[in-house]
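Common to both upcoming complexes is subunit A, partnered first by subunit B, then by subunit C.
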Partner chain A sequence: MIILTMKGVQQSFKFLALLVLVLFSGSIYANTSNENEGQVDTKKEVEDYILHHIQDSHDFSLFSYTNDEGERKHVGFPLPIVIWTSQGLVSFISSEFHHNDDGHVIVEKNGLKFAKIHGKIYELEANASSVNFDEEHHAVNAHKVLDFSITKSVVGVLLVGILMFFAFTSLAKQYKKKAIPTGFGRVLEPLVLYVRDEIARPNIGEKHYRKFTGYLLTVFFFIWVLNLLGLTPMGFNVTGQLAVTACLAIFTLIIYTVSGNKDYWTHILWMPGVPVLIRPVLAIIELAGALLIKPFSLLVRLFANISAGHIVVMSLIAIMFTLKESLGVAGATGLSLVLSFFITLIEVLVAFLQAYIFTMLSALFIGMAVAEHEHDHNTSGH
Partner chain B sequence: MYNLIGAGLIVIGAGIGLGQIGGKAMEGIARQPEATGKIQTAMIIIAALLEGLAFGALFLGK
Partner chain C sequence: MDKLLNDFSPGLFVVQTILLLLLILLLVKFAWKPILNSLNERESGIADALKSAEKAKLEMQNLQADNQKLLQEARMERESMLKEARDIKVKMIEDAKGEAQDQANKIIEQAQAAIESEKKAAIAELKTQVANLSIEIAEKVTREALSSNDKQLKLVESLLGETKFN
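What follows is the complex of A and B.
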């Protein structure tokens, strides 16, 4: 019955697509009818798991399972907690919280009591023995502390930093002996040249690009490697942390603000070629653009793209559990495997694209700040 | 509820914008295939700027 022509193949594809659609619409009904009698709310559990993954955490948990006795077992390793409290610096290992995240486990150190609530460490008041909550689930007898812990994201940043340091110093050393690198350097060289010749040189200009290539290369490889690290099953989500992307955007902001030349600042503060009355208005807009909107768009773009990618991948993996009743175990697993495989391939592309865009826009902003205008403002209006 | 409607509106707007950028870039490449590289670079930059705006709006509306 199978006709091996292009048309036949296309038709069977259409049939498959229709089948998937029908199965999906059927599954919605199945889910709603089953929801009342099931003892475990799969949807809620999946949501919690995804949210937990997106956030930074104080321990490195690879996976967890429930054993035959009904006990929850966590596999992973703890990380050091370093906090600045009312009595100075305190540090201990995060395993003392026993994976508790709702403030029930109290850790005593130096006569102070600590609890962990939703990934944040709280210091209890002097005479309190347990955390009390008000109606909106805010802790009433505990307050947050300054947290300098080596969290999961910090581990990721350090790991990538050390990796990049060794990879690029060995690449740089090779050029002292010979012109062509060998080994892993051959992979890195075209990428370095790509950033220099396709991103830095055309956007910043022939005269100044050398000075900024180092920063652009660092940012490019840092973001790219961290994005790729986020796609491994280890559960890193470093470039999906607002703090990390904000820090990178602030670096770019400082660099183009400090290196801006006279032309750049005149164009911002006292725009030539427009009526004098409009100049202050333009100055406000330009200042807001240069100091707020540019870095904000840089940081939010990277954060949102990577976080959205992680949420999509994990939601597609979760199809395995949410559609188990309607598709059967094999069907749901197969569907989730196929979908998450292809979305992960797209995420590999996005990982490169976001690193490229961040570097490209940084180069563009720096280029705007150091560009030298040769035209005469008195004759040509802007 | 309202922020969901807002998110939908943002996505519609961003979708129209991205469609315009992509479509015009395609036309440009079709007319001048030798300028593909330059057009692609400009397209990605403008798409990134638009994306930043859309994400910023989504983020603020959350």
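What follows is the complex of A and C.
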């Protein structure tokens, strides 16, 4: 039995290693940029660097360094850019921007000119040759384009999606042969049971939970694995992207709005048991709660927690530079190491907690929408 | 807030929606459905097995109780049979004793009756013999006594003296 388990673990590791290899193979490149950007020393630079990290990125950069000739080298790999422009879909590789992020490098494609400013792709106006900025550093002769690029976050989503798909289909396959899974499946099964028995079943109810468990399981593992991925040095911040959390929250919103039963809508639109005059007022409040506040709380909670976690960890790492003068190199490094180590431990907990809370609240909202009230409103009232 | 809205990427939102939808559909079809079905199957299997084990235990208990009852009954039957046998024995002995007594009594009675009749016969014979003897003696004595007158008188006198008149 132990040998079997070991074999399963080995296979899982082999698979993971293969995946990482495929992802990184041949793509790693060292790019040179003339500007001295990327070097982080002062407080302002640290702040900019953290904000830059929190954002989505068009490159997958692992690290950068300055070589003996004083050139700045970036190690990582470029990602494809796909944008919807005034001339339709345009795509090219992000390396064409040469890691420039302030709009100085102009890329020409299909007769259109593009610049990248703070992680966003701008399309220049037809007669412009370079980006002009106003006093508040807004581009005046360029506009943002709809960006469907395979950004770093999309890579993260794809990676997690593929990992989840293979992990859970292999678990599903195991059940065909044996009643109790072995190897990595033995780790996954209790987690699946946990989501089903602790999140879906108690919040939605015995009668309806089965229909929604698939969604809840997907969302739980999706958020959890992405949160954990955000703690690795690869520097993903997928669940700290508003677009991602908004998408997740809207999925939940659609699910509980579509599956809401008559009781649910009666309670929202024409609350029984209260004076008729108050009912329209309550309906407005209830509608705002159901359609705006609930999904908004979901998306902001996840986004804020994960972003804050990243900012705190990076700030604590930055103590190494910012307190170098007052504490000395060893002191600042030691302090930063200790603090960031403990905060990272907490972040591991937060990663699980946020996935749990998101899934739990989703289940709760769905449960409220499908709950069947046994009491009769005409006789009892509230 | 402005910065947050600026950070929101509609493109990423669209891509994420498509990918998440795809992921949910794929996982539901290829992972969650078979996994949850197998888990349910396994759980109901375990529940069934537990239930049938409980049932078997109950049946076993019933069987044991039945056995106990049967044993008890057999024991009681044996007891009653033994008792009956004992009773019969006692009765038989009693009966035999009574009969033997009766028989003995009867035999004794018969014997007594026989003895009685024998005695009577013997007495009767004795009487006859005594009478004959007496007659013979009387004849002899008479003959003797009557051989002389004196003697005859003497005899009469003595006889008369012996005999009491009443």
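We take it that the second predicted complex is superposed on the first by the 341 of 382 C-alpha atoms of A that agree within 3 Å, B and C clash if a C-alpha of one lies under 4 Å from a C-alpha of the other, contacts with A are read in each partner's own complex, and residues count from 1 in each chain.
The definition used in the following text is that a contact is a pair of C-beta atoms (placed from the backbone, for glycine too) under 8 Å apart; a residue touches a chain by one contact, two chains touch by 3 or more.
Everything numeric here is computed off the predicted structure, so don't read it as measured data.
In the superposition on chain A, contact of A:Gly273 is made with neither subunit B nor subunit C. In the superposed model, A:Gly183 lies in contact with neither subunit B nor subunit C.
Once the two complexes are laid over each other on the shared chain, residue contacts for A:Phe296 go to subunit B alone; subunit C is not touched. Residue contacts after overlaying the shared chain place A:Gly328 against neither subunit B nor subunit C.
Note on subunit A: of its two partners subunit C and subunit B, the one contacting more of its residues is C.
When the two structures are aligned on the shared chain, A:Met360 is found in touch with subunit B, with no touch to subunit C. The interface of subunit A with subunit B does not overlap its interface with subunit C at any residue. Across the complex, subunit B is touched by residues 296-298, 300-301, 304-305, 353, 356-357, 360-361, 364 of subunit A.
Per the touch definition, subunit A reaches subunit C in the complex via residues 55-56, 83-84, 120, 146-149, 151, 153-154, 157-158, 161, 164-165, 168-169, 171-172, 175-176, 179, 189, 192-193, 196, 210, 213-215, 217-218, 222, 241-244, 246-248, 250-251. Note for the complex: subunit B touches subunit A at residues 41, 44-45, 48-49, 51-53, 55-56, 58-59. Here subunit C touches subunit A in the complex through residues 4, 7-17, 19-20, 22-24, 26-28, 30-36, 38-39, 42, 45, going by the rule given at the top.
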